[in-house]
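The structure follows.
So that you can tell them apart, the chains are marked A, B, C, D and E in the order they are listed, and the count of residues begins at 1 in each.
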Amino acid sequence: MKIKKILLTALSLFFSFSLYAASTVKIGASMPLTGMFAVPGSKHLEGYQMCVDIINQNGGWLGKKVVLLGIDNRSDTETAISQYERFINVDKVDLVFGTFSSKLTFPTSTILAKYKYVLPIPSGGALRIYRRGFKNLFYFQSNPAEYYGKQLLAVVQDRASAADQPKTVALVHADDFFANSIANGLLGKKVKLPGSGKLVEDMAPGYIAQAGMKLVYHEQWPEEGFSDWLTLANSIKNSGAEMVIGMMASPEEAVQLTRALKTVRHNPKHLMLTQGTQSEFLEGLGDATEGIMIYSAWHDEAPFDGTLAGQRMNNSDFVAKYKALNGKLPDEDVAITFALCQGIDQAVIATGSVDNARIMSWLHTRSSRSPVKTILGDYYWDATGLPINKQALIVQWQGKELKFIYPTNEFQASSMVSPKPAW
Amino acid sequence: MLKINNATKSFAGILAVNSCNFEIEQGTISALIGPNGAGKTTLFNCISRIYPIDSGEIFYWDHRLDLMPTYKIARLGIGRSFQITRTLDHLSVTENLVLHTAGGIGNHLLLPAITRENKLKADEIMEFLGIASLGEMDMGSLSFGQKKLLDLGTVLMADPDLILLDEPAAGVNLRLLEDIIDKLVTLKNQGKTILLIEHNMDLVMEISDEVIVMSAGEIIAQGKPTEIQKNAEVLEAYLGSEA
Amino acid sequence: MVLFSFLYITMSSSWNIIGGYGGFISIGHNVFFGIGAYFSGFIYARYGISPFYTAVFAGMIATFFGFGVGLITLRVKGPSFIISSIALLMIFRTLFDRWELVGGAHGITLPHNNLSVEWSKIPHYYALLVLMVLSILLSWYVRHSKFGLALRSISHDEIKSEVTGINIKIIKVTAYAISAYLIGAAGAIWGDYLTYVRPNIFFIILIAANMVLMCILGGKGTVTGPIIGTIVIIFFNEFILANFGASELNIFFTGLLMILTLLYFPDGIIGSLKKRKLLPGFLDWD
Amino acid sequence: MEFLQVIILGLCLGFVYALMVSGLTLIFGVMRIVNLAHPILIISGAFVSYWLFIKLGLDPILSVPAAALAVALLGVLLYKLIFEKNAAQQTYSEMTVLLTFGTAMVIDGLLAFLFHNTQRTTSPGYATDAIFIGDIFIPLAQLYSGIISLVIIIVLAVFLKYSEFGIAIRATSQNRTSAELVGVNVKFVCLISFAIGCALAGSAGALVSFVFSFFPSRHWEWIAILMSLVVLGGMGSLTGAVVGALVLSVISSLVGAFYSPAWSTMVFFLALFLILIIRPMGLFGVRTD
Amino acid sequence: MTSLLSIRNVTAGYGYGPDIVHDFSLSLNESEVKCIIGPNGAGKSTLLKAVAGILKPRSGEIIFEGENITGKEAYQIMRLGICFLPQERAIFPNLTVAENLRMCAYSIKDKELAESRIEAAFEMFPVLGERLKQIAGTMSGGQQQQLVYARAFTIKPKIILIDEPSLGLAPALVEQTFNHIKQIASSGIAVILVEQNAIKGLQTSGYGVVMDLGRLAFEKPANEVLQDQRLRELYLGKAIKK
């Protein structure tokens, strides 16, 4: 019986932690601060925190201080789920912010839909996340991953000279939620719900085929613990592909793949990656980054307007603020979550509450005339939570700096380095 | 009853048992003696097929023991003890005794570990061995001598027809030794067959009908105890020879 | 957390059958957990039959696999067995990572039930409660049957067991298969609870490490040991979580606990108490 | 041509694997400890190199001795705290395996807590360079680490073969009692062997740091891979482990290149499983029963 | 006169098992050869192990050259000058012959001395000199046996304890082995020999000690032991009473 008593005491002690201060607005965010998504995950949290700090400097929300509970889920799905449940049941948070990656978003969205919490998603673009009929999702980047491929190829077709048009493509990617989704679009596969095989969308014939290019090599590497980069790079080299598209879940993999390609001295005309805007990428590769194109949601020179806490917060303001705080340029990963936080901030101010149902309906009624205005541009969503009319950016490393080169229609883009210089 | 034909077993090229031949009759006590390293225990292990023999045959009535798995040999009614006792220290004494009933899988999955009959019989055996009160104790907490006794007890519990005993008297005190001798003789009178390895020559000479002498893997003599005692070759096996 | 306790009591009690009574330490036992989850999950996703019905069969599939695998791996003992169990886990992990039919590395997504938030966990709660009770009963039963007697004797001395007429191979393999049953069934329920089944949730070594640790800490080879062990570990984990956040320190402390237990209480809580004759009667079910 | 290329890549990796596994096999040979903590010790070594590289810009190859020394000290500490109690046992027990498992968890958790589970690599200049012989290229990183591994293994082999203490180590692993009877302080030999094994892990870590990316929890995967190499080579045999490492990494490279890199690690796991089941002693090991 | 080695009231046994050796005393002078015989299970080997330090005696003490060595580690005892040759061939099967001998000289700090001892061993056993590079385990039984005894000459202990040297050997080898033992004895090393083959053993020794059930049965000069009727009874039992 004694044991039981001790256990009960421990239990009550433990729950009492959470019973403090009702005069705050609490936001829960379970982020991958360690593990394979550690780098982008930590930066995502940085963006949230920076935004929340600014809100608090301006008096908080509805007169209450905003507290961000950002904890580490080790890039582990099960942990992420239990943490969100914990936020809701134990910490009694008012709102939640989304986590990083499709992999973690997919399962957590299920739970949050059940609890009817608004889930603003910073990174999690796989189509099947949105095709399950949930009403609580709002994606704060561009197209779903399946549609990325179009833009990846369009940048080359639109901007590279005729001589540099690649005829052959090698497609390599992590066996990752997000990367697979992009690959499905490029290859024209049927997108299905895993397990049940329910068709989500048929992407045939695929963007590569549409662009008139030939796929000469396609390989996936396992999501965790892959180390055979040289063999992979060698196979790419043997295929002789003129354009290499590499899609990965983390910047480390981008570094590894690029290093391996450099080591085997494979010089494609174009190298396109989905990760690599981070400073870690530059540190890992140095001069070798020249000419590498990266798919990105944000760029420091994009002239987007936005507000935060009722104040003006344009992209340039954000960059200036970040520089003042950290002495360097912000990363895409910081900007995305900052923008997301801006969106929710606008919703809270507009509805005058932190009630999830009201925020949800307010966000759903956004349109091209009254969008949410963020440093990533204007957002309004379709019923599934995907943004309408939102294009992503393609950026390129030029002289160790990121320049955005695509799209060209919205604002002035830099010139493109083409073809990619040899290693 | 038990017939061994040309059994041979070698380990890493050394012949431990070299074409042994002998037979033992039902209802007799036979003793297997010989100096250390003669291969007696190895022969026992071959009979209960803890390892297979290299060549030869072992018959129990008309069953080929050398082709059977160990547990089937046990179920034919051949029980054995070990020289270095192999009691299961983390089981209770009673559990050790009723172990042999745990054999198969079918009906035994449904039976409790110790049935009422098992318990009665175990108590009886413990009574006989003079350790009646120890049933619930862990085997590990028993003294060496008690373990040695229980090893004999586990064999008796199974009520086998052929009993192989490996040095039953080693480490047993004198009073108990007489009891064991009595018990063995009683068993023999009940029609059981006993084959034992023993170094206590007084005991061997007293109770056995037949003595088989092994030396360096071979059977060098077989006969009545009195004959064996007079056999010069046997003494030479023990004391060594000039050559 | 309660669900978690139920789940792990089920698993560690089941593990105890082969690992505690039988003495075969498997650090890859969650293979069956995964198999159960995949089986039920797959059927649910494809044919809409709820895992609550198919859990029974998921257990059977796990048992079936256990039987097959046991025939192969139980031939080796000791460290070799431990290593082979790790290898088994890695093989299954790699296989399921690549098996497109069941979603590869992304696994299977299951529909979630239509119950409201407050009620949605209730079915899992009862299902796991049932499994837990079953596992404890099974553990108790095995402990007190002739089968369990044979098993415990095998863990100590295979040769002795065999000469008393025990068919050690059958007993070992059956025990392995039985211990797989409830773990498989629990996997099915857990998969439904999480609403998705992925290799990197079900086939990670830490799950098995937890089972082993819970069992050893509580006292392996006893009925109540795994229960106590599980409760202690789960509270310990929660304590770490609450005080240090969900960090790697959890792994650190788990490992530390394992080392300390092995060095100083190899008999576990129950075993040590029993040895000192301090064990309260209501915990002594052996 | 491509075939040759793949084999060269496989061989380079093979030597690194051989070094990774040599400490493991030494410790097993002398002390009968199946050290599941070995992979995490390798990662610890990699961390030492990493910090020296980041803070001082020290080339990871030059930091091999430092990593070796650091991990050896860690090993001595572990040995004194955890394994000494069991080291006297001639027969290895399951508990020791679990102890090493727990140790692995402790170090993993600690490293991950202090330095986070992010993937790291050291990137000296040669890490992305290669020499070309016609169409065949040899990546310098792999080449250097392979060569240094080979050198370390040779030094180890020479030490074991010719030095007095080396012979004592081998003698102890063959027959503990006899070694004691000719005047060998077996406990001391065990301690030193454990330290040497850990030093090998540390130096392997330094070399691995620029060949693979590493993070603390990476070691779970390496456990099975390294085990497959020792088991193939016969537990406790250095030559066996080297041969095992070369054979398996070449096969794995071939699978990666001609089938799919996704399946290349499967080679190790399957090999491990099958060998344990079919020949528990390993292919080169001597039956001891 | 104090003896070289004196075993005083030693009791010993394994693990939690019973006492195998009871209250046993024996003394040995320099260059003396004593042979311990007795039936199986008499505790002869156990006694040697207790002296060599492999087994810690439960009570009693062992004095060597006036120093109490009871409970010391085996390698320390060996370094003091007591060499033990156990029943199983105590060679290192996977080392070469040369390495085996180097191991024997392991405890000799003076390397030149070690070299010269090894040289001397080769002179005594020329076969070994021819097979320096051979893996010891692959040699014939007789050659392995030579290696075992070469060790004694390399170490040059003050006492050598030999446990059942003839066990499991072919008759020709037994002869060879006893010749080696005689060589050792004649070089002035004291020997305690435990032997099943009582006749051979006693022929080699000056003094016979008969053990039974862990106790001293009787001891007398070797040539008289065999004549004693008690020995015969020990081995083959008393005449049947009935």
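Here is the rule we use: a contact is a pair of C-beta atoms (placed from the backbone, for glycine too) under 8 Å apart; a residue touches a chain by one contact, two chains touch by 3 or more.
Since the model is a prediction, treat every value here as computed from it, not as a measurement.
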Task: Touching chain D and also chain E, the following chains - done: none
TODO: Give the label of the chain whose average Cα location is farthest from that of chain D.
DONE: B
Task: Chain pair with more C-beta contacts, A-D versus C-D - done: C-D
Task: Most widely separated chain from chain C, with each centre as the mean of CA atoms - done: E
Task: Chain centre separation (chain B, chain E; CA means) in Å - done: 32
- [ ] Round to the nearest whole Å and give the separation of the Cα centres of chain A and chain B.
- [x] 75
Open item on the list: For chain A versus chain C, what separation do you get between their C-alpha means, in angstrom?
Closed with: 37
TODO: Quick one: report the Å distance separating chain B from chain C, using the average Cα coordinate of each chain.
DONE: 41
Open item on the list: Show the residues in chain B shared as contacts by 2 or more other chains, in ascending order.
Closed with: none
TODO: Would you give the residues of chain A that are in contact with at least 2 other chains, written as numbers and ranges?
DONE: 34, 74, 175, 222, 224
Task: Touching two or more other chains - residues of chain D - done: 112, 117, 221, 262, 265
Task: Which pairs of chains touch, using the document's own definition - done: A-C, A-D, B-C, B-E, C-D, D-E
Task: Interfacial residue positions of chain D with respect to chain A in the complex - done: 2, 5-6, 9, 112, 116-119, 121, 123, 127-130, 132, 137, 139-142, 212-213, 215, 217-218, 221, 252-253, 256-257, 260-262, 264-265
Task: Touching residues (chain side chain E, partner chain D) in the complex - done: 52, 54, 73-75, 78-79, 83-84, 86, 90-95, 99, 102-104, 106-107, 151, 155
Task: Touching residues (chain side chain A, partner chain D) in the complex - done: 33-36, 38-39, 74-75, 175, 219-222, 224-228, 230-232, 234-235, 238, 250, 252, 255-256, 259, 262-265, 284-285, 288, 423
TODO: Spell out the part of chain C that touches chain B in their complex, as residue ranges.
DONE: 144-150, 152-153, 156-157, 159-168, 170-171, 174, 221
Task: Residue ranges of chain B touching chain E (in the complex, touch as defined) - done: 14, 35-37, 143-145, 167, 170-171, 199-202, 204-206, 216, 225-226, 228-229, 234-235, 238-243
